[in-house]
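Mind looking over this structure? Questions follow.
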Amino acid sequence: MRVPNARTTEDVACLKGHAGDVWAVGFSADGRTLASGDGDWHRPGDVRLWNTADWTERAALRHTGEVLALAFDPTRPRLAAGSWDKPVKVWTLPR
Amino acid sequence: MRVPNARTTEDVACLKGHAGDVWAVGFSADGRTLASGDGDWHRPGDVRLWNTADWTERAALRHTGEVLALAFDPTRPRLAAGSWDKPVKVWTLPR
Amino acid sequence: MRVPNARTTEDVACLKGHAGDVWAVGFSADGRTLASGDGDWHRPGDVRLWNTADWTERAALRHTGEVLALAFDPTRPRLAAGSWDKPVKVWTLPR
Amino acid sequence: MRVPNARTTEDVACLKGHAGDVWAVGFSADGRTLASGDGDWHRPGDVRLWNTADWTERAALRHTGEVLALAFDPTRPRLAAGSWDKPVKVWTLPR
């Protein structure tokens, strides 16, 4: 079953900025933004937004707890994140 | 690689209502509903539905265990959730 | 922010069959099948397929370990699942 | 509620190659690639790409930590993965 392909897959970016483990990642519906959320024990987490055209960081969004889950709205440029805390945060994306 | 963008991203809502940690979030296919599921040790969890037009809470749905995963049907307004318990619950969404 | 809607959301189904906790749920692209995967410590898990027309169980698929993640192919009726074990399993769906 | 269907669902593949538990799986938007990510305690994880036409392994991509989450860009053949480490990795897919 395992027949490795000789062609390697290009590692296009190694995005640095998170100060904690990354539990959730997702692309926006238009593919222009990648979101990632981090969480470490007993520390508020961040959601970071990355511009997929040049992989620069577009924003660092502070949550109230460690980020466990995130989701993009499939119809609009906005993002929700749940965390190891009770509030759910929602952000709109810069264009 | 890290070039923070000066434009900050607007925090449009901080949705309060969950009594436990939020392990799962998702938008419905039409973008009109955000669902979030919570779970705390040894307590049944809730799935909460939020109206994305004004971020009011539309419903609080009780599960049998801590909610670990949720998914929207991509074709119809309904939602399934799995939990730290055996039954899978399915709800239809109010319009 | 919290303004509960008086209209409650109908609980259409409480699907029973899993013998373990349900860590992953998902709908197929056509909305005709709901999949759920369970996992308990040191026991192989099942992926169960549910007919969303009448919520009957269509199949119980045995994995090699506790099911942690599942995904439907967006283009074809097939499903993959990863587990607390090394092999990834793929199934085609009955029509 | 439980009415097992007599027709069993075909197990089309049992993909071997991961050296750790598989926490995340996903199909690309075109259905031609399945990705899976593994993670074991204190060991860098791999993301593996599988050709869904014949289930051969197309690539094994090394991450810096145990892979916890992965997501495909819905608009382009590329993939992001977060791990039990801070960097987020992005790869383009071979065609």
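Read from first to last, the chains carry the letters A, B, C and D; within each, the first residue is number 1.
We take it that a contact is a pair of C-beta atoms (placed from the backbone, for glycine too) under 8 Å apart; a residue touches a chain by one contact, two chains touch by 3 or more.
Molecules present, by chain and UniProt name: A, B, C, D = WD domain, G-beta repeat.
On a predicted model such as this, the values are computed, not experimentally measured, just so you know.
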item: Both-way neighbours, i.e. chains that touch subunit C (WD domain, G-beta repeat) and touch subunit B (WD domain, G-beta repeat); value: none
item: Same or different residue numbers at the subunit A (WD domain, G-beta repeat)/subunit D (WD domain, G-beta repeat) copy interface, by half rule; value: different
item: Mean-CA-position distance for subunit C (WD domain, G-beta repeat) and subunit A (WD domain, G-beta repeat) (Å); value: 25
item: Between subunit C (WD domain, G-beta repeat) and subunit D (WD domain, G-beta repeat), centroid-to-centroid distance (C-alpha), Å; value: 17
item: Junction residues of subunit B (WD domain, G-beta repeat), two or more chains touched; value: 13-17, 55
item: Category of the chain touch graph - line, ring, star, complete, other; value: ring
item: In the complex with subunit B (WD domain, G-beta repeat), residue positions of subunit A (WD domain, G-beta repeat) that touch it; value: 13-17, 49, 51, 55-61, 64-65, 68-76, 78, 80-94
item: Residue numbers on subunit A (WD domain, G-beta repeat) that touch subunit D (WD domain, G-beta repeat), as the complex places them; value: 1-5, 7-27, 29-31, 34, 36-38, 48, 50, 52, 55
